[in-house]
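Once you've had a glance at the structure underneath, I'll fire off some questions.
To keep things simple, chains are lettered A, B and C as they appear, and every chain counts its residues starting from 1.
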Amino acid sequence: MTRTHAVTRPLLDLLLAGVLAVAVLSALLAISGYSVRDALSALWQGAFSSWSVIASGTLLRATPLLFTGLAVAVAFRAGILNIGAEGQLLLGATAATAMAIAVPASFGLIGTMLALCAGLIAGGAWAFVPALLKVRFGVLEVISTIMLNVVALNVTGLLVRGPLQEPTRTFPQSPLIEQALRLPRLMTGTRLHIGFALAVLLAIGMAWFLHATASGFRLRMTGANSRAASSAGGVDVTRVTVLAFVLSGALAGLGGAVEVTGVTYALYENLSPGYGFTAIAVALLARLNPIAAVGSAIVFGALEAGASAMQREAHVPAGMVGVVEACVILMLLASEWVGERLASTTSWNRGAPPRTPEPSSVSAAPTPPSP
Amino acid sequence: MTAAPLADFLDASIRSATPLLIAALGETIAERSGVINVGLEGAIIVGCLAGLATASTLGPAPALLAAAAAGVAITAVFALVAIGLVADQIITGTAITMLGLGITSTLYRVIYGDSGAALSAPTLGPIGIPLLKDLPILGRPLFQQPLPTYVAFLLVPTVWWWLYRTHAGLALRATGENPAAARAAGARPRRIQLWATLFGGACGGLAGGTLVLAQVGTFAEGMSAGRGFIAIAIVALGRWHPVGALMAALLFGMASALQFLGQALGLTIPYQIFLAIPYVLTLTALGIASGRYRAPAALGVRPNVAA
Amino acid sequence: MVLPPGTNGTVTSGAPRLALHAISRRYGGLQALDGASLNAAAGEVHALVGENGAGKTTLMKIAFGLETPDSGTMTLDGAPLAPRSPRDAMRAGIGMVQQHFALVDAMTVAENVALGGTGTLDLHATATLITRISADAGLPLDPHARVGTLPLSAQQRLEIVKALARNTHTLILDEPTAVLSPDESRDLLTWARRFADDGGTVILIAHKLREILSIADRITVLRRGRTILETRADATTETALAHAMLGLTPLAVRDKDGRRHTSIALRPTNPIITLRGVTATDENGAERLRDATLGVHAGEILGIAAIEGAGQRELLRVMAGRLTPLRGTATLPASIGWVPEDRHRDAVVLDATLLENLALRGAGSRKGLVAWNTLRGQAAAMMRERDVRAPEPNTTMRQLSGGNQQKFVIGRELADDPRALVVENPTRGLDIRATTSVHDALRAARDAGTAVVVYSSDLDEVLALADRIIVVAGGRTYDVPNDRDLVGRAMLDA
């Protein structure tokens, strides 16, 4: 893929996704008997109508999606199917809450940073478990990460009803985080916090890491062709896999810490409405490219913000956006297949998730079989 | 401990386990053929809604079939993209789950309005097996259950027999291990995977119907509550074997029922620990993989498109 | 066995059974078969021989329905035969045991045999059938064993029993003795003889001429996709067969400049690569290389000549530092270039750019940042020097032709002046121009003082390039003078 393609392809993808989303949404609205115009205008109102709306709505919603989207993208680039971003985010939030409660409010921003670090470490540690199971015991990470999500949920639920519960012991949630320890606002007058800026910086950082450092290069090559990485490059594939998994978990954990110190200010079980799963869609749309993930997270953030508005103003059930997102993913998958059929010479699969069979010049057609 | 709380506990365990077992049996078949369907959650939730929507017109028992049909329908989309277009199974499955949750959410509101009031459906009452139901302790839990529980119980030996005692089952197992060998022996791996996946979808839908029609009696958005993922864990803990799925489902059911038992016994152990135990057990069990009990070798592997 | 319809239960030994006539098959730019034929009779062990690349497996795959011919005809007992899948062939009574077995490792022997049937599964009945067949045929097999635990020889017996259970009367065995020890080979060939004596037909694709002459009734020799020779076994000799296989007359070996190569360039230095008593295993843990002791010196091309599966694969990887020996020591330099035969799987990342593929070498130990700018310069220089044609600088490896990919890999491996370079089938699938380029590069490396090891399944290529030759046969290494006949015979001797 050439340099120019590397920039225009993601933009085209995002544009295409946006157009598809609106098209599918309109169709669904029409079928269900809603006023398409009212609904779409409500969507716009909720997502893009003013800078304040963009900040408090779209960008705010995009932030956790960007953290988890980066987590998933990094993992997929390394050939790891991390479906556990949900649990890693939750435990990151938990650790951050615990830290924020433990440190005195006088710590101020230092305390906030400690909380974020706690989240990062917790998320990474939670990802270490499936990583170890994978490289040492060959356990499919798809299954182990899904299960660890549930365990994480239970751990959180236990804590918010126990040691981390708010003082009146009435609700299953943590006490509110002190004002001084919360993430500062990025834009005054909006709900947007600096976590968004942090996420964008991390996206840039991830891109730099993947493309400029030797370590990031090893990660990418391991995900693309682990046999060649090992044989031609002398890469320690096991080490790279574990480190990538932990990095992925750390990103998701940080996302949880940010969410709790910047938006909810308290921990409760249902903190994540499925960020870890939407993250898969975010990563796919971005074709696993960290910079494109910013745009992708914004697209999904806009859909989510607009969904609330649509529900409020036009009485369109919020679930419809879930349908739209799913349709966009399915259409993107289908378009990849079409693309492969039409143009087998161009490299459309750059950034496609793992699990394709490893290529072989000896067994694949049209090289003739050994006579 | 008196008999009554124990019987209550077993009863609650089996009731919890039933939808999980049904979904897990379907997913076992799918995974044995090499397809991992994380869209199972989507199949369950559409089964829930379909069961609710058709219960008053069809009656609760036929509504179960409608639920199964809904599961098949959404899983057909999964099969088209993941098997037909050879897309990544995980991403496709995730999309299907999102689709199912979104569609049911939307349709529920569209059909039943914004009020959010609980709508109730005619439910299936327990069917008692004469004589057996009066057995001490085990009588009520095992022999006085609604229809789906008996279906689940019967499904276990049926799936077992089909999987291990028919050529079709052998071909399916071979497909999940080494599709090339299956093809060399004259089988058609893609077709096998398609039917296996659709069966899994039917079971998922049926499980959802069970939730609504034999337990809760109503629908709520997201009521599947991750059962699709639990079912996937059950398949793994049960070592991809139908009887194993039965044991594992019971384990998960018991863990969920333990919270009530704990309260009855005045235990102060938080119930989350009980809920988490089956998962930790599954992970440990997966770690100790021995030759016969590991995942199908070709699980989740996309076939070479040229083949 | 069930004999084909029309034979009325009797078999006239010598009656024609499987006849392939003027079969041609092309794959892209390669003519794999060019009017090949074969005539196998009932009650006969028929050997099909030829060098690697001659077309033997392709011809038999066509008979078994795994491939279809572009032209030509086939008959079975006089009736037209055109199987479009293995199922058709099996129904006609033809069975094939391929080089790579089609078995499900996690299942038992009985389950593998039962696979493909219909209705209810009765493994007891299958097990009984297996016991009977294996007793009758003298192929011991435990129906309840898991295939994954069986040695290759047992797996092969399973493939044969599978065919017998489907009432095969014409059995094709593709290089069956490649995975067997001498004793096991003898047992198998004895079985084949008995099968033929009972009226069946065995078509044996094989290499080892001595074995073939001891067991076969008739022999067909293929060379470059054509049938060169069809003869009775008692009417020919090993030498005649070797000549037919390797070329009708021994070719004079000349290099690019038309000069006949003299042997070893005498540079009395310490070897760059030293192997002492090295025994190495393949991925399944089977010993493939036994007790190899040799040295490779700076400024020489060591040619490795061997038939497929003789152990050269493991030898090359030990020398390249990619395989740790089971026993013995391998003394290697720090920097070794390695060009494996499966380029797409082991040497390059197809969907990465050329620059990234260049950076792959040494990626494992690189620290800090990747010096892309420096690499870019290196890539440009290297590609110019090696004449790697690429559409534009940022292309992916996938977009390059096979020849350019290979030139790139060789360039990359030589870029940091390694002390040694090991290459495996470096010109497989390449056209003449690319092949010449690669050969020039190897010679240039040798002239610059690198110790070069070359293995090719094309004997002519090895002879043209090598200063010195080592033959690998049956896992052992032998020094052989650079003489076509001698090398050929050493390769084919087990």
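Note that in this section a residue touches a chain if its C-beta (ideal position, glycine included) is under 8 Å from a C-beta of that chain, and two chains touch if they have at least 3 such contacts.
As the structure is a prediction and not an experimental result, all values here were calculated from the model.
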**OP:** Name the graph shape formed by the protein chains and their touching pairs; answer line, ring, star, complete or other.
**Re:** complete
Original post:
Out of A-B and A-C, which chain pair has the most contact pairs?
Top reply: A-B
Subject >> Separation of chain A from chain C, taking each centre as the mean of its C-alpha atoms, in whole Å >> reply: 47
Subject >> Averaged-CA centre spacing for the pair chain B and chain A, given as whole angstrom >> reply: 28
**OP:** Going through chain A residue by residue, note those that touch at least 2 other chains and give them in order.
**Re:** 364-365
Original post:
Which residues of chain C touch chain A in the complex?
Top reply: 27-28, 30, 32, 50, 52-59, 61, 99, 222, 225, 308, 322, 338, 340-353, 356, 359-370, 372, 392, 394-396, 398-399, 402, 429
**OP:** Going by the contact rule at the top, pick out the chain A residues touching chain B in the complex.
**Re:** 28, 32-33, 81, 83, 129, 133, 136-140, 142-144, 146-151, 154-155, 157-158, 161-162, 274, 277-278, 280-281, 284, 315, 317-327, 329-330, 333-334, 336-337, 340, 352-353, 355-357, 364-365
Subject >> chain C contact footprint on chain B (complex, rising order) >> reply: 164-171, 173-174, 177-178, 180-182, 184-187, 291-292, 296-297
Original post:
Which of the residues in chain C end up touching chain B in this complex?
Top reply: 86-87, 90, 102-107, 111-112, 114-121, 146, 148
Original post:
Taking the complex as given, what residues does chain A use to touch chain C?
Top reply: 1-3, 212-214, 217-218, 220-221, 224-225, 227-229, 231-236, 345, 347, 349-350, 358-362, 364-371
